[in-house]
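As written, the chain order gives the labels A, B, C and D, with residue 1 at the start of each chain.
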Amino acid sequence: MTAIGRRRWAIAGGHIPLRTTGPEPECTSSDTLCVLNAADAEAVVQITIFYADREPVGPYRLAVLPRRVRQVRFNDLIDPEAMPLDTDYALIVESSVPVVVQFSRRDTSQAENAIATTLAYPVD
Amino acid sequence: MTAIGRRRWAIAGGHIPLRTTGPEPECTSSDTLCVLNAADAEAVVQITIFYADREPVGPYRLAVLPRRVRQVRFNDLIDPEAMPLDTDYALIVESSVPVVVQFSRRDTSQAENAIATTLAYPVD
Amino acid sequence: MTAIGRRRWAIAGGHIPLRTTGPEPECTSSDTLCVLNAADAEAVVQITIFYADREPVGPYRLAVLPRRVRQVRFNDLIDPEAMPLDTDYALIVESSVPVVVQFSRRDTSQAENAIATTLAYPVD
Amino acid sequence: MTAIGRRRWAIAGGHIPLRTTGPEPECTSSDTLCVLNAADAEAVVQITIFYADREPVGPYRLAVLPRRVRQVRFNDLIDPEAMPLDTDYALIVESSVPVVVQFSRRDTSQAENAIATTLAYPVD
């Protein structure tokens, strides 16, 4: 299996809702970063988070093993710092090998689920 | 950090719902434009709104500071004119530096949240 | 304003739900095709619908005036024939001038709204 | 009608919810793979599923007849093995002729529908 995808991806529309309803953790409001590493080498992934009113924070480091997918909730990114809720953000993903990146959201701030997903932007 | 993205983007599927339910402003029905400026220079962004039955309106002007994201509700675009609710629209985004653009919708016209998001079209 | 986009687009994931709840027409379950024509010439658009178990149907013809957006519910496509509900379909859009195409869905088959949207595939 | 699309596509954000509410099968929680084959030749499609913590599984084989769309629920992929629920996965689609691939999700784990859809990543 050869490497598939790009080494850099960007997502402009991040925002983790403040409220959560329903059973946790499966119904926790969250944004999720999905990274597919189809290559035979480990992907060393670095994430930089951009905000509206302060300097970018990062890199958050993530390893994705060869031939594996890793789906990470942004709520779980805590080093170098936990991400604030109810705050607009964007991100750039940089990987040591080509990967494929998708962005998903679950919003349970009202009683029922709402979900959304989009392919990230593959940087040229 | 180098500039990432494109200078022109297009979105064909805009439509702000008429009705809103739930606590405001977080549950207000809205379309949101998300612009990531990863460059070290300010992005001067111009938005042109297209309608079904009249000439385009614009430009709406927006500044996005270096290394910042800006997420703007279309409900808040008021100069040169406020956008009508319950009306189909599309838009073209033109930026002085490369940016990444995503489009999100929150629809609370019935009791619960519904959300959607998509990468905008990166113009060649 | 110059023409923006592509002359051919494809959407693989069409499916109009059978059931509708809530006030009509704004809550009618529907798939919507969104076409932005930023050019100064009219776009003559031809849509071909693909099904799982019979030959493609079309072309459905659509005019999009210069500098206009047109958002059409598939429920309203009736010539050469109305589209069946609760049936998987796909489509190819061919336009006389470059356009931008987005695909949206509203599903009210249960009591509340659900929505989804994605950029269509820009054919090379 | 000429072939349209790509021979390889990738999706990073798969996850079939565990719970389902509402009438089956139309409200069953599911991820759906949508494949449009606009060509005049049959598409022989092979799907490889990637997981977070074990080796990829596949190929799952799928035929898409000429000028047809096929929308397959991942719940229905059972050979070489049924896919586990409530488990993160990703996939690569490889086709003998160019096709267009879209990914959709229906989540009814709470009382109401939630839906999401995105174009898959067209591999270069």
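Structure notes:
FYI, a residue touches a chain if its C-beta (ideal position, glycine included) is under 8 Å from a C-beta of that chain, and two chains touch if they have at least 3 such contacts.
Given the structure is predicted, the values throughout are model-derived calculations rather than measurements.
At the interface between chain A and chain D, two copies of one sequence, fewer than half of the residue numbers in use appear on both sides, so the contact is built from largely different positions. Superposition of chain A on chain B using C-alpha atoms only gives a rotation of 90 degrees, nearest 5. Centre to centre, using the average C-alpha position, chain B and chain C are separated by 21 Å. If you average the CA atoms of chain B and of chain D, the two centres end up 30 Å from each other.
Residues of chain D found to touch two or more other chains are 103, 111-112, 114-119.
Taken together, the chain B residues at the contact with chain C in this complex read 8, 10-15, 17-18, 48, 50-53, 55-56, 86, 88-90, 92, 103, 105, 107, 109-112, 114-121, 123.
Interface residues of chain B, counted against chain A in their complex, comprise 1, 4-5, 22, 26-27, 32, 34-36, 38, 67-71, 99-104, 108, 111-119, 122.
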